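Below are the structure tokens for one structure; questions will follow.
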């Protein structure tokens, strides 16, 4: 099932001189797995929706992906089997860079429920912390507003992603979280290079799967590098 | 200047069945740099003393090293020149594993004042957090007491390491912090292997120099991987 | 005295595709006690209004009940006599399930002022905590909005329920708190079953009257099961 | 392996008029499981030692039991198989009351690692909270000091219970935690009866296995009955 | 100088059935002192405006009074002389009850700057705490909204009351704070009587001047009756 | 039953120049009530022991009194009848000043369990707060140490005062709390007069029974005079 | 490049009697340095924009100045060379008073990146704390609203000031921060004089460059004058 | 009245190699004022004792001075007249440097009660914060222990300094606080010079009287230089 959603509303009147992002996004809903013949290219934006934030309790429900072309692929997983070889192949593919915003959570979820180690990865939250030193607001909504000029709705963020049928509002919300990560990454990479922090960011991305594994194994509340 | 210090007092009467660590340690004081002909072997315990905990304010004063044979080499550095090529060579030597307890601080100090990247490293504090899950006490004093059976004195921990002449109490304290790290590492490696966490610990050690660089570059108060 | 209140306004424009709940509710006001011949069926939603939240100080003023048919029965109690045998009979009836939202408070109030033990009970707040793991918002307003699609007004929540004459706003507010609990319970039961937590929820409901008694007897600030 | 430990030292000089508890305890160490022919009677004190406090990370290592006759049986479990049918039978035996101090933790550990539901249970910490209203100190050490007149050492509380060989200090510590629970329960039962709280305590004990299950299933940080 | 201000706007649309308080208030501005021939009757509402909240630093600037007839008398004091015998006479008059909202502050200010002990007094904040147990909102704005049905503006609360010329907004704000205290007191007295707390409230009012003196003498941060 | 206890040990070696308080105290234990013919004079030190600190849960168990002559009268009350007319007469006698340390608690207990209003009263804790401005330590132990030169033991403070038989340690502890209040009051009165705060202290003492009543009626957690 | 910005919108309808500040401001953008022939007079308002708030990490990007005539000069600096002799001359000129709001930050930035000590200075935040004792809101937005009657927008406060091209919104925001400081200072000086605090304020301004140097040298988190 | 006190006990066994400070101090007690003919030289250590820490409530009682020769002059002031011209002359003498530890408090007390501005001053607490960056312990006891090798007793710190007769313990305590400040200053000056912070420290000392005046005038809780 695929459909075209309304264009994003550009809601900040102070930024009227910018060019509005007018293209329609297309949302593709896949039940159980990605299609086997779908090629999302070398850089894929990824996000997921779950029953909650606790790894040892809350199931993985939905995974969203986008190649950065304005389309979003929303995969509704069948739990507890999680039989989705195509999705797992993309996540584990060493030649495909996965773009996340706060990937720590998703990567741990994927390892826990899908049994795959997600590598290589890029995290726009970490990149934002290293590049956007002029603010302490690094949520997806803030980052996308400033760097992509798009206002995301978060109304469906906490909803029942384990329901038998997902509502259009849920699907649109899920899709929107991956649509802009490519643009955001481009902007952040420019800033990181300008400030001389590209290498530092890459080293953090490389450690991210380890950090996710620490979460899964019981150190989710600890900063393992902290003094106390 | 070298001398023999008194044997460590084993102060816990409840542990009377353990074998007391009786050997005398020998402390070697070096002014300015390590001797050029000193070979400390492939695994060197390292610690340092500074004017304080702030990288951008407090100078590095003393570096202590031990090969694990009961001798400690205490190097009193000449600031602000820090002309100590032999010491720097050991720290940067990719074939010499440097053992620290909370190496994050020392590594950042070495990068900041000596201009060297310290690699490869092992941190007994991180190892303790991963292995000794039954406690939240991972200070050097706690770890050495339990794993090496030795009671360290911390009386000189906060003293004037920038003084023209260091007191015998300061030198003994400085030396004692590196004497037992080899034993502690052996015990922790056994526990990590038993619990299946060797690989996880290694991945954390590998990231430690990056974490130290983040400290130096202005993220010392932030857990870069945290959600907020 | 009975009257028809206005239909609930469905105030979330983003959910325009849902079917609006159009039926009028009818509010029945009873002075002192329920009518003796009123049969509310095997599952009764119950709520109460008081002079405040302190059991040993604040009187019980109003009890509201609904059989789930859209009608609400609001009983204005005569304090301090609380001579209301019909109401007490319903609360203590072992064959009538009482639905509450945060029943812990009401059950304690009923034991304290009416001298009845309310059993069996169902608490939509506890059920929500066990089923809606994707959120930490389990207030009645939040639960009813998501699960019944109705926006409750809380404007009269803190008002003088001990007044000689209750205002229409107070009566409407009181009635609205019991009208939707049947629908909410249905939704939560479906979710609990889906996640395999039906038995766990039932065990918590069974303990609820004990928890209320602990409140009355002086452990209102303590989690009796906590470590500290 | 069994041996006699030293009598407990009664260390409070202010209580010199009390009768010192002089009997020697005998500690029996069992590898892997309880002996099949050991009958511990209808009321068994139980405690356990683990690799830490996190259910989803830390293994169960040791279970201690006592029939209240001054002997302690310390079972060192073989993980991860946990093949100990005799121990499991005692824990699950509906005709044997298990005495714990803060049983919530042990019961969850047993369900998680041994796969048994421990019932019926009695918890001296809960009983102490309900009876000893004159204090907020309900740790085992405090309760045993006041009600059994014995001073427990807690020096080995945080030690490596997963070690291949447990030290005599560890075994003595483990044994001491179950030796006095029968006496403590007697004293607490007298006080609960005097204050009219026997029934209330029993209702709390009955809920304890549910509370432990909530811990295991992901609500370990929540008071499920709390308002927020 | 006197003038008529606009009628209060009744801004809560939900309360449309209530009767709007339409009468105009008249504000009388007095420079330096009350007129000598003004008789405000046996019950006078009083409030004051100052340079801040610290008794030992911030001057008293304005005192407002009302007899409850809809008129407000605003006295702009000349500091540091505070030569205002008529005002002082009213405050100290044992036959005139002074109505305050949080009188503790004003009474201390009057003692500090005017040298008078204000007695007898009534405090609508204390009365509200004792009567309106169903809320924890006892600010003047909250109390006046609920009990007098009037919405007060607080926009000028923090403004420069020591200015040479007070703005119309400041004068209107100052006046509005005393206009409704008589009505509020009537409502609160009814509630206190209904709940049997009239005597308790009176005892608190009687202590209020002592509490104000404790503030002045250096115990402003302490609850003198607290355990710690 | 009466007996002589050991003289108080003066345990501060730094104060060796002070004269040791050598007189023996005599403790009189009365079951149920004071003797009818006991005259304790116009100023009586009073303290009590309870099952805990919650008025609505914890029973009053023991009341201690002293006329200041070195004797202590310990009354063990029979609950729940509390049939003790002689004790109640002393407490309610308007011609007998009752000395307390933190009398707020005892006065509320007496009103709650004995049904008497205790007046007039003097509180050494309040007096200490007003006179000893050079410290924030106003516990009985601190006040008695400094002003009476006696070191009180607090070891029995939290013990089972509801037990059938009180231990000698409990009785000695209970007695010691009233033995020194007369001396302490004399010292504090001298200091209050020197600092000009006698009247302020008296006004606080007069309010104390009201403050106790507020505790009983449900405002135990609130400072009724606070802004928030 | 210079242009005229829109007049400031006066957005507070309650202040309709004040005269609207209608004059257009003119913004002059200078790349790299101030023009050599620009004379800003004896009192210059100064503000700056940076990559963040950490002196040892975040670069200085923009400095804004105004002589108080309604024009703003925005200097976009070339980092890391910071070759701007004209700007440095103004900052270091002992005959030019620099007006800041929270100058502590800017002065430290100038010393760190430009190598100049900025003297003499005036800080409207410190002056506001000393004069406006009736409020705790001393942000630039609050101060300018009350004292200049102008509503500043803070929307661009956290934006990428290191970008190659600054947006018109950024330039307008930067300019607006210096336009009103002369008016604000006049108002504050009047209030300081009225309250007798002119000398105290001047002494604080004189210390401000020292306070900035303490920030740079590592005491940025400490109040050097605090007890702890 | 003068007498010789016992030599200071050197209580740290670890420092046995240091030379014990054996000289006897002589304490001179002066009633009301310093003798007119006493010349304490160009650098005088000063401390004071008060009725407490609140400037607007607690009286100044005792001032201690020492020229650094081992003698201490303790002046017991007559309040409230504070007629002590000789003492005031020393404090205000621009040619006599006054050494304090946390002089902020004493300077404010002197201005408040004696009406003198104390200048010039040196504060060993501020100097310690700037020099001893390796610790956060800057209390007099800590500083004197490390830098003078003397262990001060703090037992009389909180005692009744307003008493008619001061005890020998109080006098000895008061005297000891000024005996070692000259030595401490010498050590700190050496460290400040070594670290290049002499000028910074002097600028802080110069501001100290202003900081004290801010305390007196109502900003005692505020860091006037803080952002918030």
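Going by the order they are written in, the chains are A, B, C, D, E, F, G and H; count residues from 1 in each one.
What we mean here is this: a residue touches a chain if its C-beta (ideal position, glycine included) is under 8 Å from a C-beta of that chain, and two chains touch if they have at least 3 such contacts.
Bear in mind that the values here come from a model prediction, so they are computed numbers and not experimental data.
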(message) Show me the overlap between the contact partners of chain C and those of chain D.
(response) A, F
(message) Let me check something: if the centre of a chain is the mean of its CA atoms, which chain is farthest from chain C?
(response) H
(request) Please report how many Å separate the Cα centroid of chain C from that of chain F, as a whole number. (result) 46
(message) I'd like to verify one number: the distance from the centre of chain C to the centre of chain H, where each centre is the average of its C-alpha atoms, in whole angstrom.
(response) 66
(request) Starting from the mean Cα coordinates of chain A and chain B, work out the distance between those two points in Å. (result) 40
(request) Return the residues of chain F touching two or more other chains; collapse runs of consecutive numbers into ranges. (result) 54, 57-58, 133, 217-218
(request) Let me know each pair of chains that touch one another. (result) A-B, A-C, A-D, A-G, B-D, B-G, B-H, C-D, C-E, C-F, D-F, E-F, E-G, E-H, F-H, G-H
(request) Over in the complex, which chain B residues touch chain G? Could you list them? (result) 54, 56-58, 217-218
(request) Going by the contact rule at the top, pick out the chain B residues touching chain A in the complex. (result) 102, 104-105, 126, 129-130, 133, 197, 200, 203-204, 207-208, 210-211, 213-214, 217-219, 222-227
(request) Would you pull the chain F residues touching chain D in the complex into a rising list? (result) 50-52, 54, 57-58, 153, 155, 158-162, 168-169
(request) Using the touch definition up top, name the residues of chain E that touch chain C in the complex. (result) 14-15, 17, 132-135, 137, 146, 191, 194-195
